[in-house]
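Two complexes are shown next, each including chain A; its partner changes from chain B in the first to chain C in the second.
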Partner chain A sequence: MKPIDPVKREKALALLASTSDSKLLTHLNSCVRCGLCAISCMYYDTFHEAKYIPAVKVDIVASIYKRYNTFLGKHAPKLVNARPLNEETAEEMVDLLFGSCTMCGRCVTHCSIGVDISYLVHKGREMLAEMGMVPASLQSTVDAAVQTGNNMAIPVEEYTDTIEWMEEELQDEVEDENARIPLDETDCNIFYTLNPREPKFFPLSIKAMAKIFYAAKESWTLSSKYYDVTNYGYFNGNTAEATLIARNLHDEVLRLKGKRLILGECGHGSYANRWEGPNYLGHSYEFDMITAVELIKEYIDSGRIRLDKSLNSEPVTIHDPCNLIRNGGLFKTLRYVLHASCSNIIEMDPYGNDNHCCGGGGGQLAMSEYNERRLGIGKIKADQISKSSAKIVITPCHNCVDQLLQLNHTYKLNVKIMTVAEIVANALIL
Partner chain B sequence: MVVYSAMEWYHILAWVASVICFGIFFGHFIRLIRFGMPKDKAKAQGRTSAGIRYAYINSMMPQHKESAYLHLPTYTAGIIYHLGTFLSLLLLIFSLINIWIGWKIPELLGWILGGCLLISTLCGLGVLIKRIVKQELRSFSNPDDYISNGLTTIFQAITALFMAFPHLPAVEMVYFIISVLFLLWFPLGKTRHILYFFFARLHLGYFYGRRGTWPEH
Partner chain C sequence: MAQYEVDGDGFLKDPDIWNATVAETFAQEDGISELTEDHWKVIDVIREHYLENGNAPMVRKICKSTGLKLKDIYDLFPLGPARGACRVAGLPKPDGCV
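Take a look at the complex of A and B:
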């Protein structure tokens, strides 16, 4: 491993020393290493190795903090396992914080103290990002977003062609040549966003949401350049890149004078924009910002769309994306929408705020270095799906969809994976 | 009522250690208060006050935590152990003040307190043994874990002894000497979580309360 640049090391250490509030200080000093968090972690639960215990991930960050910021850490480091930030420690950090954690936060709710473990993991990632130690595959995803406006580097022409194709498909489906998927229109009520996986691999989900907008007679638009709801800068720990990506989207909404930003079906994208975006930019947004699931609930409540749930009669189960449900507070909203759309819902066990991560979160899907681990921990989700006996798994997150599709193949689950827009579109009464 | 005319050297040490301990904790507390809560510019979706209340009460109930209901013996031992620590601290404050007042603890009360602390000591010992014996726990433990646990357990044990035999000068001396060691380590080791625990719950409640995740459905 190449030596760490001393200037970058100092910048990384400064992240632990500076604080604008008491949160970081609190969590760095709270863990008692009881180890009771172990069973709540998919990595530990799958591989049963001590290194995957969430407290170990906390400890590696806290041990560096202690070495440079506490009395015992400075004067008697061996007493408190205060570790220097050197190449060995940094390498271990990469494996633990990037390769062994999806930042799902399940351990946080079960921690006997209440240590925000995923917050500390993210802090550790920020330190690694300062030192230029982000896994290459994850960094390339962020680079694509920064350079092209979307994390899959889809050229504008390819994207607009796909949108036009989906518009034609929509017109055929609703038998109305006036049905549209608007691009770059100004002064619309809704500025909608997509996960780039949609135009690249699953364009029918774009058509599904467009059908919902059509049914609701909504004034909406997509952007041809900045339509990407994802923000992998949240995963790579590079705050500057995360800010740039968030700002691009924010500025595009203003440019097109959209009244509301609707965050398409993506857990971390919704989280990064909704909960981190205003903090990245340093101010609250000038426009309203909600997720697609919340918007669909509004449509149902107001009667703008009508649904016949008997059109979705197969048994379905719900995968709860961590960043929308546990970390996003949308448990009731998601259930409301799906109970209005489906007649046969079987909950997983556990479900809701306590549901397990799909295993693909935290940037894992972008980090091919850890594919084997990702699919390994995914068995927990696969077992949940099998036990539910559902034929369809619904989830409002395209990253989760990607992981679930791979689990479906790997563990031969023989289920269909659908987004919320797709299942709602199926039930629409036009 | 007996009034002591002079403090022994171990009384003085215990007072000094108490002042140092309290001073360090007070410094930590002031720093945490001064830094305040996160200045979150994202629009709240839920009520932080409700989330914070939930964080301190409901979400601490054993049925809500895998760390509790999947580890009931350890959880129970931990609760008793912590109660023993709080009781020992209260009795230490009383003992420090009682150096001048000289109030004699009724024998029965002394035995009851001693008995309770004996149970909590055994719980602490159990937790310590678990850390030593379980390879996984041992693998990421460090001297702080053993010192904190060991010193707290010994502190409870000697408090139990002092409550049962307050009239024995040797016991009293050992009690205050152990207390000195405990008080000096208390704010430096992981035992400082006595303060940070409350702020951790506060931040957790704030985080989940803002998002509407807590209180739970």
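Take a look at the complex of A and C:
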């Protein structure tokens, strides 16, 4: 590998030297090496190599901290396992922190003392981003979002053409030529967002959500420029890029005077906007921001939509996206919506807050470099699905959908993968 | 797979070496036993768009140009337009959640 630029290295080290981040210092110095995190990690559970233990991922960041910020680390590094930030260490960090962690946070909930392991993995990624060591395929997804406003670089006219197409399809389906998918309208109650893979390759989920809005008689809009709910800047560790992406969406909601920002079905996008967004922007949002799942629950509660769950009678199971359930608090909300829409739900084991990641989180799906590992750890999820004997897997995250599609194919699960909007739209009484 | 140089996701590293044999090989790996006329319509549209624009076309364009319905595309390529059809057409892996 090429040598690390000394100036960039100093910037990376400065991320650990800050004495104002009490959370960082506490969590870097707390691991007691109990080992409970090992079996909670899909990588360790699949490959049984010590390097995959979450505590080892914490340790590599902690050892660099010690080397430059503690007396013993500076003067007797070997005694305290303090490591210099050199090419060898950095390469190992790339492999462990980018290549072997979905940032699912399952280890965090199993940690005997509550070390926020994902936070430290993210801090390590920030250091690597400072040194220009983000895996190329992940960086290219961020670059597309920064340069074009969406992570698949979809040109505006091709996007609007697809939206118009879905509007026509919706009108046919509900037999009402007044059914609409509004674009760039101002002063709407709802500013809705998409994962770019919807307009690019899988647009039926847009039509499904539009059908729900139609049934609820909602005033809503999509933007033609900034509709992307994802923020891969959260995964590549480049805070400046994450901030720019979050700000584009924030500013667009203000420009169109949307009253509420609805985060489309995307785990990390919801996490990055809702929980990290205020940190990126340096202020709280001026408008309300909730996920599509929570909005649908509101519609059911208030009677704005009516559902006939006998229309979804095939056995279904639920894949809980880590960033919405374990790290997002939507366990009960998601169950509420799905039990109102489906008559035969079989839970996986484990499920809910202890559920396993699909295997494609943490930016893994965008990183070709670690494809084999990703499909390897996905076998845990594939086995869960196959044991459930469900015919449909529902998940409110397009990233999970894509990983599940691949698992379905690779492990011959013979199931159908659907989003929440799709299954709810199917149960609508119009 | 071993005969062509591919990235971690199995997409061709050099899209220029693509030919019909590559397409057939990749299709078989995806469980498509034979490339039908409809498969080729999709592949040709994707390929043409790629050579002109350097990226994958929208599924909208694939439907429009081939006259196929969305459902047909998903049925023809079980891994979907991106990991399925684009890979068979010899494109690099598209960015994003695919």
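The rule is simple: the second predicted complex is superposed on the first by the 427 of 430 C-alpha atoms of A that agree within 3 Å, B and C clash if a C-alpha of one lies under 4 Å from a C-alpha of the other, contacts with A are read in each partner's own complex, and residues count from 1 in each chain.
Simple rule for what comes next: contacts are C-beta pairs under 8 Å (C-beta built on N, C-alpha and C of every residue); 3 or more make two chains touch, one makes a residue touch a chain.
All of these numbers come straight from a predicted model, not from anything done at the bench.
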Once the two structures are overlaid on chain A, check if chain B and chain C clash or fit side by side.
fit
Please indicate which partner A:R326 is in contact with in the superposed arrangement: first for chain B, second for chain C, both, or neither.
first
Output check: A:R274 vs chain B and chain C. Expected answer is one of first, second, both, neither. What do you get?
first
Looking at the overlay, what does A:L430 touch: chain B (first), chain C (second), both, or neither?
neither
Partner chain in contact with A:P199 - chain B first, chain C second, else both or neither
second
Using the superposition on chain A described above, determine whether A:H409 touches chain B (first), chain C (second), both, or neither.
second
At the Cα centre of chain A, what angle separates the centres of chain B and chain C, to the nearest 10 degrees?
140
May I ask you to decide whether A:L72 touches chain B, chain C, both, or neither, giving the answer as first, second, both or neither?
first
Which chain makes contact with more of the residues of chain A, chain B or else chain C?
B
How far apart, in Å, are the nearest Cα atoms of chain B and chain C after the overlay?
25
As the complex stands, chain A meets chain C at residues 137, 140-141, 144, 151-154, 158-159, 161-162, 165, 195-197, 199-204, 230, 266, 365-372, 398-399, 402, 405-406, 409
Interfacial residue positions of chain C with respect to chain A in the complex
7-11, 30-31, 55-56, 58-61, 70, 78-83, 93-98
Flag every residue of chain B that touches chain A in the complex, lowest number first.
31-33, 35-43, 45-46, 55, 59, 64-68, 70-71, 74-75, 78, 134-137, 139-145, 147, 188-190, 192-193, 196-197, 199-204, 207-208, 211-213, 216-217
Show me the residue ranges of chain A that touch chain B in the complex, using the header's touch definition.
19-23, 25-27, 29-40, 50, 53, 55-56, 59, 71-72, 78-81, 108-116, 274-279, 281-285, 289, 325-332, 352-353
